[in-house]
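The following blocks contain the structures, represented as structure tokens.
First chain A sits with chain B, and in the next complex the same chain sits with chain C.
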Partner chain A sequence: MTSSPALVADPTVEVAAVSKWFGQKVAVSDVTCSFGQGLTGLLGPNGAGKTTLLRMLTGLTLPSQGKVLVKGQQPRANVERYKEIGFVPEESALYNTLTGRDYITYAARLSGVTNPGQAASQALEEVGLTADADRAVGGFSKGMRQRTKVAAALVHDPEILILDEPLNGTDPVQRAHLISLFRALTERGNTIIVSSHVLQEVERMTDRVIAIVDGKLAAAGDIAAIRRAMSDIPYRVVIECDKTRQLGAALLSHTGVDSVTIDDRGLHIETSDLAGLGSIIAGLAIEHDVRLSRFAPEDESLESVFRYLVGRR
Partner chain B sequence: MDDRTGAVFDLGYKPYDGERLGRSGAIRAIVKDGVRRVMGLRRKARKKVYPWGLVVFAVLPATVFIGLAFTLNAFSPEAESPFGGHAEYMGLTGAIVLLFVALAAPELLIPDREEGVLAVYSSRPLTAGDYVLARAGALFAVVASFVLLPNLMMYIGFAALDDRGLGAALLGNLGDLARVLAAMTAYIVGYGAPAMLIATYAKRTGPAAGTYLAVMFGSAAFAEAFQRIDFVGARFGTMLSLLQHPEVVRSWVFDKQQNAAPIAAGFEPWASAVAIAVLGLVTGYLMFRRYRREL
Partner chain C sequence: MNAFLAITNVTIRQTLRPKRAIGLGLLSVSAALTYLLTALGSSASTASVEYNQQQAFDIFLGITVGTFMNIVVPVVTLIIATSVLGDERRDNTMSFLVLRPISRFTIGGAKVAAAFMESFALTGVGAAALGIVAAIRIDTFDYFVPLLVGTAVATAAYSAIFVPLGYLLKRATLIGLTYVFIWENGIGGVVPAVAGLSPWRIGVSAMAGMAPDRFLVELPQFAIGSLTAGAGGAIVKATVLIIVAAAAVAAILQRRDLAT
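Entry: the complex of A and B
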């Protein structure tokens, strides 16, 4: 059993007290977390240290302090480990003069795939690029370039996929396609680490997130649990009912209810005691003859959680 | 009976489940990609003009001469060759090697770094040393091909027209082939190493090629100046002549007269061979150090 939500029981990738600095600039500061089978979202505002952390996970950058282990071994210059890692870097990382097929075939050869042509065709099909495979990558849209990078990362069927902003520049259909691909990989037992700033998409892919703010581990675990752990920020709850004014007035007299506002959608409550509010609301509704139609947290979305985390700096 | 049939197929992820090769496969792939890139293969026509033009310059004279010798069968080719023998022809191809590597080395190294493509290599089962070795190997393979091809044609052509007969002449002239290989290695390492070193640190191919040519010709001018200066130790300055060391080695292995600055300053020809070897090793080390940070 693990003691921290940042750690998983059976880790594939482990980050132990890792720091990375470039001269005076601290990019990652004392981060400890781990990743296992399934998909984990790595979140953080621009410059938070996500890319640096991902580069350390792939062994492209050495930690200044601490240790990164991939399946129990450090990944830096570890040829055997690279056979099990697929990486989509944030930067372009494409040869514009090659066709999509040539590029993926080349990536397959670099990974030691014995039948690179067949593996490339398969990977191109997985990302939906078969029809455009024989066009030069230089003429691809940003979304197509992203999918080409994903195909290059998948072509040797790695167990661990590390994806730095893989959904950047993709249109909604392409996003849905890639997300379903990542889900399919997750179901096969792959470890997938996705950094993204498209929070709704991360929310669609996974419940488990690791949030990095200013190079430090800001939060980890299930999105709703992270929100519940942020006890210093009042919860926002929306209540839809037939007598908003009566219920609002009754709620204001209770300790734990910080504020009540009313609009067309109903009552918006701010409370530091969500459990307490939940236990009294039914009694108040009966007492004031109010018919409740909805009682729901308003800010357990990833976007709200993320906004709070960044706002705490 | 209802004979309609149907099936639901798995549209889910279909992984590659074949065998995996080791690092050698990756190195071969990088060499092959390098050869293709240097020669402008699968690229626009203008990218092919420079490398193929130089290759034609290197190969065509020998082809025409050997062809004429066979056609006319009226003269002793080695004695009456307008290019002399292998030694002189290596002199011609040496100049072509210089011009070729000026653009080929930057083309091999700079786009990978500047277009962020190194990440493609860094997350694959190969090391920084493998990458450097493979890129250098691509340059060596291409240059060796167009240096060796005309010399092999001459070697076989001369032997075929030799009075001793083809077999005897081929065996009798094996020493020529060894000398060609030695001179070729001196040219490729002596001219290729500085080009690779400059390309390792440069950001753009054009300026890298210009800098390389300026360094090569500048070093020769520098060495000539040192040859004329009269103070203690000035002669060591002539060893800075990057342009002339391969020429010195070529003349040495073919036992020809030479007046390059290091020789005029009193150095033995083997000193140039050592200088080329040191240059190659230092370049390899610096390249490895540079790429170890990124791969």
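Entry: the complex of A and C
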């Protein structure tokens, strides 16, 4: 068992006390975490160091300090490791004069795939680009370019996928398609690391996140656990009922309830003791003859957790 | 081998854009066109046939050494060779290329090979055109093959130098031009040891080793420096430079941050 939520039991990718600085600027500072089978969301505001960290995972950027191991080896020390890594960079990374099919076939050839043409067709099919495969990628829309990069990362069937903002520029249908593709790969046992600023999409893909803020590891684990660990920030709970004023007044007399506000949607409670509130609310409702229709945490969403993490720094 | 050929093929497709090919192609044949124009100017001359032949040979020598080998070949090769890795960096495609299970030496070798093939496709046309005009004017095809071999050797040697330069420096073309005109042609013209390392002079030494003796006899000293005429030695030097360049690119890709 591992003690830190940033570490997993059977890691395929390990990050050990990694720092990276560019001149005076520290991009990543002493980050230790690991990734195993399944999908992990890498979150952080712009400039937090996500892209630098992902580049270090691939070996594209060398750590100034610390070590990155992919299946026990540093990728640059053994290029054969790249058979097991697929990378979607944030930037364009396309050869504009090539057709989509030529680009993916080229990727397959460089990756040592036995039948590059067939593998390219399959990868194009997986990302839904078969119909446009014979057009030059220079004329592709942003969403198509993203999907082309995803196909290039998938074409050699790697075990580990490192995806830097793979959903950027894609429309809702394409997003849904890519998310279901990533989920399917996760079910096949792949290790997938996705950075994204579209939090709702990350939430749809995974529960496990690693949050980077100002180059440092801010939190790791499943979203609810991260929220629970933020004991210094009171929970926000919404209660919908028929007698908001009576219930609000009753709640205010209880320790653990920090504040109560009322609006059209109901009662909004701030409490540092969510479990305690849960245990007393039914009794209070009976005592004051209040009919409860909803009792739900308001800030256990990834977006709320993320906002707290960024706001703390 | 599959990866080597794939990289070479895609690199040529990416960097030999039509406008660039036309522009550099015209530059490459400019030496032959200039030589042809001098023939039109001297056709009305009433001097003896021997005098005209000697004059035609002197112009051929001057254009071959003073224009084609030391300006056209380096400039054409510079523009192409600096772009084969430089464009990968500029277009952010390095990650696509290097995050693959291929040895860095294969990448370096393929890039230098692509630069050579692409450049020689253009400088070779210029050399062939110059050789044909020479055959018409001085009445012999004896310089045709030596000119092609010398051009190939010089192009290969320049490719070896300019491919790593194109990755390492953002202003590689400017630095390359400074190298050609200030270092090779300026300092190299007066310091024999520097001249001995000059790619275009290595090409001229290859040509001089294969051409009729008259070429070497009348060759100005600055055009060969301390080098010995001979195609074999020149080809070996160019080959060594290519291997060193591929190894240098491999070392760069192994040791440097490749994201920027």
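One rule holds in what follows: the second predicted complex is superposed on the first by the 312 of 313 C-alpha atoms of A that agree within 3 Å, B and C clash if a C-alpha of one lies under 4 Å from a C-alpha of the other, contacts with A are read in each partner's own complex, and residues count from 1 in each chain.
One rule holds for everything that comes next: a contact is a pair of C-beta atoms (placed from the backbone, for glycine too) under 8 Å apart; a residue touches a chain by one contact, two chains touch by 3 or more.
Small disclaimer: the values here were computed from a predicted structure and weren't measured.
Following the overlay on chain A, a clash is recorded for the pair chain B and chain C.
Looking at the shared chain after the overlay, A:Ile104 reaches neither chain B nor chain C. Touch criterion met: A:Glu91 reaches chain B and chain C at once. Contacts of A:Val79 after superposition on the shared chain: both chain B and chain C are touched. Shared-chain residue A:Gly112: touches chain B and chain C both. In the superposition on chain A, contact of A:Leu185 is made with chain B only, not with chain C. When the two complexes are overlaid on their common chain A, residue A:Thr58 makes contact with chain B and with chain C alike. When both complexes are overlaid on chain A, the residue A:Ala152 reaches chain B and chain C alike. Counted by residues of chain A touched, the larger count belongs to B, out of chain B and chain C. In the superposition on chain A, A:Ile269 makes contact with neither chain B nor chain C.
Looking at the shared chain after the overlay, A:Gln122 reaches chain B, while chain C stays out of its contact range.
Once the two complexes are overlaid on chain A, the chain A residues touched by chain B in the first and by chain C in the second are 58-60, 79-80, 82-83, 85, 87, 89, 91-98, 106-107, 109-112, 152. Across the complex, chain B meets chain A through its residues 12-23, 25-26, 28-30, 33, 42-43, 111, 115-117, 119-128, 292, 294-295. Interface residues of chain A facing chain C in the complex, by the touch rule stated above, are 55, 58-62, 75-76, 79-83, 85, 87, 89, 91-98, 106-107, 109-112, 152. Within the complex formed with chain B, the chain A residues making contact are 58-60, 77, 79-80, 82-83, 85-87, 89, 91-98, 102, 106-115, 118-119, 122-123, 125-126, 152-157, 181, 184-185, 187-188.
Only residues 2-3, 6-7, 10, 13-14, 17, 91-104, 254, 257-259 of chain C touch chain A when the two sit together in their complex.
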